[in-house]
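Sharing a structure below in structure tokens format, with a few things to ask.
Letters A, B, C and D mark the chains as written, and numbering starts fresh at 1 in each.
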Amino acid sequence: MTNDVEYGRYPVARLAVPEWMLKVERLGRVYGPYDDTVIASTGPEIGSSKSAVNGAVVAAWDVSFEVAAGEALGLVGESGSGKTTVLRCLAGDVAPSCGEARLRTTEGDVSMFDLDSSARRRLRIDTLAVVYQDPAEGLKMNISAGGNIAEPLTAAGWRNFGKIRDRASELLTRTEVPINRMDDLVRSFSGGMKQRVQIAKALANSPSVVLFDEPTTGLDASVAAGVLDLIRSLLEEHRIAAIVVSHDFSVIEMLTSRCLVMQHGRVVENALTDQLLEDPHHPYTQRLVAAARA
Amino acid sequence: MLLDDLIDSAQSDELLDEFAKREIRRAILAAVAIPGYQVPFGSREMPVARGWGSGGLQITLAVVHDDDVVKVIDQGDDDGVNAVNLRRLVTTSTGADQTSIAAEASVIQSRHRIPEDGLDEESILVLQVPVPEPLRGVERDMRELARMHAEADYSRMWVSLYEDKVRNGVITQTTGYPCLVNDRYVVATTPIPRWDIPRLHESPFLTLFGAGREKRIYAIPPRTKVEPLTFEDVPFEVEHADGATCSLCKSNAAFLVSLPNSDVWMCSDTDWCRRTREASA
Amino acid sequence: MGYVSARGGLDAIRAAERLVRRLRLTSESSWLEEDQILEKLRLLVDRVMGEAGLWAPRLAAKALRQSEGDATEAVHLLRAYRSTLPRFAYSESADADDVKVERRIVPAFQRVPGNQLLGRSVDYTARFLERQSDDMAREEAEKLRSEASGTPGDEGGEAHDNTDTTQRSPQRLLEMLREMDLVVDRRRADDPEPFDITRTPARPPAARSALLSSMTRADTGALVNQWYRNILGPDGYLHEVTLGEVRHGALDVVVRHPVTGLPVCVTSVRVTEVEAIEDLEGVDEDRTKFDVGYGLCFGHNERKAIAMANLDIACHRDAGRTQLEQSLLLTTDALDSAGFLEHLKLPHYVTFRSMIERKFAMRKARNRDAS
Amino acid sequence: MTLAALSSRDSTMVFRSLLQAFSSPGERVQMPAHLCDSMSPLALPLLALVDIETTFCIPDDADLEAEVAELTGSKVVAVADANFVLCTTPPPQELVLHVGRGTALQPQLGCRLIVSNESHEDNLTLRLSGPGTRPESQLSVCAAASDFIAARNLAVAHPPSGIDCWLVSSDGVVVGLPRTTHAEQG
């Protein structure tokens, strides 16, 4: 069991400590009224997440997993599989219909879904960060790159202008954003550069969990490769528990060690990433992998 | 109360009926008990227009009785048009005496200035408020503003100060510098100059803020922590002009205003200036 | 020597007041009687009462005379006077079905039970500026007066006053649409106390009664503009609306007697009431039905009541997505908006001095950074 | 001493005492003597502040409650819904924890408690701190009120919601204890 004391982030007792940093149990999100019959009328076997009984959409159901510090878990599936719904429930952007999500913090385990809105928001400042597919969701476009990083820092109580600027330039340098653009409005940045600013902002308060929602979708190949390379090196460098949502197996392969395959709101397969690519069991996974290999 | 005494009270030159005064008093007490929180209140229409001191006037009328001595100023000037009009309304309807000397006044209604001196533990300062919401520059939606205050989530305010400092080299907030009251609420201090801000901190006097148009009352009790929002390493700067002294009383110890395109300066607090001149005469 | 700020001083203000009163009271033309204002500028009086949110015809006439025709100033005089009066009682709730209709239009159907009643409206009169001389006008007045006293009701058609009761309180079109199950039902079963915007400021998210009462005493022009901006302007997109009912008529105001406890009619007010119908086509709306909006204000002010009903639906369908509710609640009051606009005339030299100082501070910082 | 409706002037004077008591918690503020001689000082805050638009209740004195309601037109409601609650003796724990505290969005809806505070020999001295207090500000309450103070501290533990109290003694002295004032024993 690694000892995190020198990391200085978590004064961890030397006893065996459960691996997970984030533990999700039977997470579900349904749009519309539901009961057992409605749930049973959706899913991979039925071939749809929209219930024929009453039209309710079971976006995600019975999703459980754990993510340890320093580990990256992939959530893969086509659009509408429920992977983004799961991420948004954990981020606090969407309220789950049922299930529990426990997060290990310095003050002990926290059941995220039981927290009130202000407590959830404080969690997003220094414990759980999100990098969205669309940078506009994670950043303010009419504010400078440095200013976007100043937001989580000031929210966490930083009150020294010089130190804020130093931390912002340190993060931007680490995510390879040219320092002479630090005071430019984010609106004027390219797509790839915006994602790098968003990643810098996410790391501002050294969060223990970072959720990545299709971080490179919409970027052209070379730019995407650079961003993925950055994310991979950051995950290795910091003992972050990460969740990477993507429809692209190459992203999953590059960033994650284990992954869940989701279809029509359900988890159809849960395995080590390289095993999954070598020997997919579920027919849906097989089709996905085949398509990715073609 | 029987019907006829209600009617009688209406015939007198009262500007506010008794129920209105009680409602305003209840809002004032709530404001003092929760320093910096904007208490909503009914806010009646006054003989002065909205945006011209109707909120300050309502507070003064609810607070003042005939034993009080009232000072009313605008831009620090007892003889300003708006101050004269308001003072006339207050003294005729409450029977209170009036003065221009802050030290003699028990209640001081002011627009955009805190008198240079004379405020002590017996004084009540009533400031007129054009815009009660300190965060309006960073957020427009009132539901979100209410949440930000309820959760003391002021990070966007700090980001705007950071951006200001980065873009302009200095914090360019001119008057009405936002302050954190009692380490809890950010407050709009009304367009008083930065020169006056330090005197709100741990003040001997009670300050009541009346926003008639936007129907809000808030307060800073005496001996309360009031901190201008600024970074540790960016000291709070008051207005300053090298070598400027008042052309009448020769002092530079008061907030000065100048003639356009000239270096003739004068005290904004005319009574302080007058007393300074008399003292040195 | 020295800069004298607009030092009014008491004498300057008193001089200004005397000037205003003298010029107003000593004008050459004959004295303007309240009855003349009430009768000949009745729609202006209605508008002022509506925007003051107070039914007081004589006081509104006085206020208009005192403000020399400035409607917003008259509204201010009325409301400021109202602040000096204690509130004696609350009226019993009035049912708009009891309105004795003097004018009633139902654009949604050609024929409708209770008939269309054109009534006293210039809607279909030609807008020719009458330029006949005063003498000819007086002559015509005499002729009309004798005719009117002679044989009532000869203006023809349905425009005349007739006392047939079905005519006076016709069934609402909305009732018929409800019977046809064509309308979303926004009525509440719990009948909550209406929100009192004179005691508690309405802030979004607000009760519907707060929105309606804010619009009831809003500035007519403000509401019309808000509606038209939603049709053509950048703010948003508002579906054209069909009007179910446009009514103007009298409504009794009943109060419980403080001693006997019996209901007593203390006065009768005139109101304009509009029910608007809008097609529902939103993805999360019941597209098999129509939505309904309501507008009511004092006096005869169809322009305002129609805008109200439309904006009532617009706000309901917006459901907080935009800041439409905030702008209706906060920016449509005549006194708030005009007062704050004109407060810019007040002295601001302390502020301006502080602004100049920051300009110099910025330049100093920029030179310092540059060097 | 039978109560009487306060004149406009007297209402203003009593209000000023209550305002001074909240502005500097701990300060012993004397309410107008001519009023304290003619009627029970405990009732003065209600007579000065409530009207037809407020609600109140006096759980432990129904006669006084009826008299105040008659004189002011204010509505009597249950303790949990009252804007103002008057207690002629230091209230028990569950009453204090039962009154409304407002919310973070609307803290001003918190209840205003007026509590009788007769001083006896076995007094409890509380050190006060927070806005308006002085370094030496303190408050002495009768020993029986220690439950009340403990419950009050619980009720104001999650600012900005909370309750605001005035402690009134029979000589007409009022001491303010707004929610933002910290009161520690000893």
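Things to note:
Heads up, the rule we're going with is that contacts are C-beta pairs under 8 Å (C-beta built on N, C-alpha and C of every residue); 3 or more make two chains touch, one makes a residue touch a chain.
Quantities reported herein were computed from a predicted structural model and do not represent experimental measurements.
Located most centrally within the structure is B, per distance between chain CA means and the overall CA mean.
If you compare A-B with B-C, the chain pair joined by more contacting C-beta pairs is B-C. Measuring from the averaged C-alpha position of subunit C to that of subunit D gives a distance of 44 Å. Remark: subunit A and subunit B have CA centroids separated by 48 Å (rounded to whole angstrom).
Distance between chain centres (mean CA atoms), subunit A to subunit C: 53 Å. Note on chain placement: the centre of subunit B and the centre of subunit C lie 34 Å apart, centres being C-alpha means.
Among the residues of subunit C, those touching two or more other chains are numbered 87, 199.
Contact with two or more other chains is made by residues 52-53, 104 of subunit D.
Residue positions of subunit B touching 2 or more other chains: 1, 9, 14, 18-19, 23, 40, 146-147, 150-151. The residues of subunit A lying in touch with subunit B in their complex are 117-118, 121, 140, 143-144, 146-148, 150-152, 154-155, 159-162, 164-165, 183.
The residues of subunit D lying in touch with subunit B in their complex are 5, 8-9, 11-13, 15-16, 18-19, 22-24, 48-54, 73, 83, 103-105, 107-108, 110, 112, 130-134, 159-160, 164, 178-180. Of all residues in subunit B, those touching subunit C in their complex are 1, 3, 6, 9-10, 14-20, 23, 40-47, 49-52, 54, 74-77, 79-82, 84-85, 88, 111-113, 130, 140-143, 146, 168-170, 172-175, 191-194, 213-216, 237, 239-241, 247-248, 255-259, 264, 266, 268.
Against subunit D, in their complex, subunit B makes its touches with residues 1, 9, 14, 18-19, 21-23, 25-35, 37, 39-40, 62-66, 121, 146-147, 150-151, 182, 184-185, 206, 221-225. Residues of subunit C touching subunit B in their complex: 2-3, 5-10, 12-13, 76, 79-80, 82-88, 198-201, 203-205, 258, 320, 323, 326, 330, 335-336, 338-343, 346-351, 353-355, 357-358, 360-362, 365-366, 368-369.
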